[in-house]
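Every chain is named by a letter (A, B, C and D) in the order it is written, and numbering of its residues begins at 1.
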Amino acid sequence: MAVHRKLNNIDNSGFGPNSNVEGGRLTNKDGSTNLTKTGLPFWERISLYHTLLRMSQAKFWLIIVLFYTSINVFFATVYYLVGVDKLMGIPTDGSEAMHFLNAFFFSSQTLTTVGYGHVAPNGIATSAIASIESFVGILAFALVTGMLYGRFTRPRAYLIFSDNALVAPYRGGRALMLRMATYKNNHLTDAEVLITAALHINENGKDVTRFYPLGLEYSKVNSLALSWTVVHPLDEQSPMYGYSEQDLLDSRLELIVAVKAFDDHFSNTVQQRTSYHISEVIYGARFLPMFRRAEDGSNTILELDKINLHEKAKLPEPDVTPVDANSMS
Amino acid sequence: MAVHRKLNNIDNSGFGPNSNVEGGRLTNKDGSTNLTKTGLPFWERISLYHTLLRMSQAKFWLIIVLFYTSINVFFATVYYLVGVDKLMGIPTDGSEAMHFLNAFFFSSQTLTTVGYGHVAPNGIATSAIASIESFVGILAFALVTGMLYGRFTRPRAYLIFSDNALVAPYRGGRALMLRMATYKNNHLTDAEVLITAALHINENGKDVTRFYPLGLEYSKVNSLALSWTVVHPLDEQSPMYGYSEQDLLDSRLELIVAVKAFDDHFSNTVQQRTSYHISEVIYGARFLPMFRRAEDGSNTILELDKINLHEKAKLPEPDVTPVDANSMS
Amino acid sequence: MAVHRKLNNIDNSGFGPNSNVEGGRLTNKDGSTNLTKTGLPFWERISLYHTLLRMSQAKFWLIIVLFYTSINVFFATVYYLVGVDKLMGIPTDGSEAMHFLNAFFFSSQTLTTVGYGHVAPNGIATSAIASIESFVGILAFALVTGMLYGRFTRPRAYLIFSDNALVAPYRGGRALMLRMATYKNNHLTDAEVLITAALHINENGKDVTRFYPLGLEYSKVNSLALSWTVVHPLDEQSPMYGYSEQDLLDSRLELIVAVKAFDDHFSNTVQQRTSYHISEVIYGARFLPMFRRAEDGSNTILELDKINLHEKAKLPEPDVTPVDANSMS
Amino acid sequence: MAVHRKLNNIDNSGFGPNSNVEGGRLTNKDGSTNLTKTGLPFWERISLYHTLLRMSQAKFWLIIVLFYTSINVFFATVYYLVGVDKLMGIPTDGSEAMHFLNAFFFSSQTLTTVGYGHVAPNGIATSAIASIESFVGILAFALVTGMLYGRFTRPRAYLIFSDNALVAPYRGGRALMLRMATYKNNHLTDAEVLITAALHINENGKDVTRFYPLGLEYSKVNSLALSWTVVHPLDEQSPMYGYSEQDLLDSRLELIVAVKAFDDHFSNTVQQRTSYHISEVIYGARFLPMFRRAEDGSNTILELDKINLHEKAKLPEPDVTPVDANSMS
């Protein structure tokens, strides 16, 4: 059975002891919370701007194009319904489809404010609609300008993490290790990492989730230039001390990793999170260096494709006196 | 009579001991200060930009439309007064109303820089006015672009608070509790809460307002993913220790709540405030969970409509030796 | 002679002990440093953007209008020199002045991209220039958009300070006091004040400037809603303890005041500085309240025009044993 | 041989003990890391936006102009291939080169949305292409607007450092000194400096790089108004204590300097880094003042061209008992 040591148990993880979610993990690999919110209308629960900010490039540009086309189709329909004879310069002898297309082109010339004028509104209704459309156009492109600016200035840490956490030999004992590196031409300073272990345990016959902050060899670095291997020694200070691999599997260990740093590019604080499920922890392995000296000796080369590079390593037997779960207060 | 214990009395609330405002609360429910400023002209006291940033969507768009219309009406009037015969392409045989409308449409084509050209300025005066208007147009839309960008990038905490604070049973005693949750797809980290209790008391025959920071079970959480129930134990450390419900009513207790956190969306510090008047405190109740496991066990569901969900709960009798108000220094 | 106590002497004021500037103050009333930089070309010493950001509204708009006019005059000259016959639609029988004016109007239609087209470029040279001008126009207005946005989003504390610092009676002794308040509809939290006293003294026959951080009754407030009277007790902890009014005049005391706070409007840290020269310190006065309850008792009224309101007050005699300047190490 | 004292050895420099790069320095003079990243495609390793933000003015404007020209050439080619007879208003009897040029001018009128209309699209294909181009134009200029805004609002410290670090006499001993000053009309507050010494040493027969934070006389100043001379006393607290000049040369000492401050202009935290290689350290010299009183005594003058001004100074003999490298654990 799984032993459990009541040590540093915290309840400030933002989840709480009753959040013993069977099956699902608490934090997804990409750092987002595995959480659904209900009870409020969709539009109140969602932040449209931030959704647009965080979606992929392809999806974003598709939405922009659809947005432009939709507005044009809408106004083209209005011009068409009012009558293309009110659009000076459009040949009135074309087919209906041609009329609609011409209305569409006039609409796009109005929306983008290019306004060649070889087609121009005639009559109060069409002039008024065109006046509205050019106004809509300017507001729409104000929104798009802001959105584009927001997208490329959104502070991000640009960190990659090793796919797996390792249990490696460390100073005669064992330690849990994971590795990270910045992959862009950015530079992080005052980087700080916080690892919280979530353990689903049986306490006095009741299933609860306990959260423990993990002590780290270094939890801060002044400058994150090369890779950073974060080390949690599995000694008597560790909440996982005395746990066998099977115990951790049973308690569905999840390591929630949060990195916070100051980024030179954005002159802003950036954050990134990830998590490691027990199934992503490898026993008996150590990371191999991912940087080397350049051949001409002039600088250092950080090999980002080696972030996961590790070799098997024999673990020393843990020297543990299991603590009986019943002796806990 | 109301007993009073001089404990942790602070004067750094920003209000000061003489601010014993009869009747009104110090902080409004929406977190704004219940304060009027005088002695400076209106335009110096107001920050126009921030007023526009914080108003409702409907009001904001109404102002934008009115702004656009006003500028157009102004310039249309100028063109009309100079003479529509100076606008090439406008039929000069229409009614006066028609002339004004045509001037209006020309104005909007100039302001938005769509400039079809089927109507074009003729003569120095009209050309100069049109030159000014197109310049005004570009500046105006620069302002609107900034405003729109400012509105959707304004850092906000997107927190909902429970309508009421509860006095609930807690570890054999009593505690004051309130609950909050984020309602958007945002994620707060390093969230910190500060609750200040304002008590209007009689000290040596003089009415004064005293402010006390309240000790909390947890005043910080690493990550505010689910709901957060903030707990102030009503033990001997509490400035309200020994106060009966009637005492608190007499001293018109007000809890000023300030939350500060780092928001992932904005990569910025966000703040939100609220307050609970004694009339919004329920005696003998406890919050019921507002999150549950999804049916398929894959994630957690946060039910935002249950933020206020509570049940009645019997309170243990407080074990208090009332402190005599006269024994205070 | 001026006595001097070596107490908390700091050299991290950014000025240094040799900065004994005869006559001029170190920090101006508006908080800027009374400093001139030389040794680098003007354009490298100046930040054009920030100069434009900080200038007055009137000056800024004047520059914008001059900027627009200059570009138009420049391009009008170019079109005029190439020949107005290359601008289709311009009457070629006008005067030279008329030709130039028409070139100017065409230029403004191109720069703002309104492009009616009743006048249009003809020939390679004019078409190429117009192509460049419309490009310049868009870039120029991109700059103006950014500038306008930068101006109205520039974080500022919007604080007013009392014109004078007072030496007032305080807890049986004396204290130096000054007062501040926010004058806009903004709200500062976590406000922090730092007062550094600069004393120009004679140390071992050499004139030096010494800087001392002043101890304050409260140097932080959670929330700066009403006015804040900052109090430095003139007790034995004070570097000015034992100084008579004449001593302070002789040592040309200057109080450098820096306020730092978090502003809700900007969701940013804001700063404001000011300074008080000894000639701006009033002996024997106390501030009168500048806020009162509204007549209907519903809220508090902060009267900004009363920021300087004070009354005369008799000061208790200081109980001081002057420290001999020669006994200093 | 080089002596070595195990003192304050830190491994949170972001480099790590194995980063003994022969030859190259760790940090370049401009503060960037002397590092190459490999293993990811170029486009994933680079942040295009930040590259554009940090390049020189000349290079940036060249790219903008090339960008504008390229888009025009592209669309001009498309219009030309579809047929210039589909562009109403273009003389069809010109040469092919003339046709292309006219297509180019039409393209630029569409891209900038100036749209005079003396040339206008005719037919579905050309109208559709023009509709796309004007849309592309608006998006492109939205990008350029954001880029320009990003460039002139990028927080920077605007610091100059002395070219050399000096080993100067200091309180009867020696100290390492370097000097910095702000060269723009900006003002830094809460400035903090962190100097890390990198020493490449032989430990138990193995070449390793050790990092030591250097103790400073002042590591923080409230306000960086004038110049700031940063002083590291070479006393027994120093990791370089007992090192001769030759020892430091052998261990290829590198001083990595990082300054962090709050900037009034940007209301943001700014950072700047630099480094001093042992070859940039001058033994036996002291800085001369770089500021003086104005002739009229009204303010202080900071002479930026004197940042490197120093004179020779005789160093006292260090009183050192060399520590044997073998006695280290």
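We take it that contacts are C-beta pairs under 8 Å (C-beta built on N, C-alpha and C of every residue); 3 or more make two chains touch, one makes a residue touch a chain.
Since we're looking at a predicted model, the values are computed, not measured.
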Any chain that touches chain C and chain B = A, D
Going by residue numbers, if over half of the contact pairs line up, that's a repeat, so tell me which of A-B, B-D or A-C repeats B-C.
-> A-B
Taking all residue numbers used at the chain A/chain D interface, answer same if over half belong to both copies and different if under half do.
-> different
Counting C-beta pairs in contact, which comes out ahead: C-D or A-C?
-> C-D
Between 0 and 180 degrees, and as a multiple of 5, what angle does the rotation take that fits chain A onto chain B by Cα atoms?
-> 90
So, what's the distance in Å between the C-alpha centres of chain D and chain C?
-> 28
Expressed in whole Å, how far the mean CA point of chain A lies from that of chain C is 39
For chain D, what residues touch not just one other chain but two or more?
-> 109, 113-117, 145, 149, 268
Which residues of chain D touch chain B in their complex?
-> 113, 115-117
Within the complex, chain C is touched by chain B residues 11-16, 18-24, 26, 32-40, 44-47, 49-51, 53, 88, 109-110, 113-117, 120-121, 124, 127-128, 130-131, 134-135, 137-139, 142-143, 145-146, 149-150, 154-155, 194, 196, 256, 258, 260, 266, 268-271
Can you name the residues of chain A that touch chain D in the complex?
-> 64, 68, 72, 101-102, 104-105, 108-109, 112-118, 141, 144-145, 148-149, 152-153, 158, 183-187, 189, 191, 218, 220-226, 228, 262, 264-265, 267-268, 289, 291, 293-294, 296-306
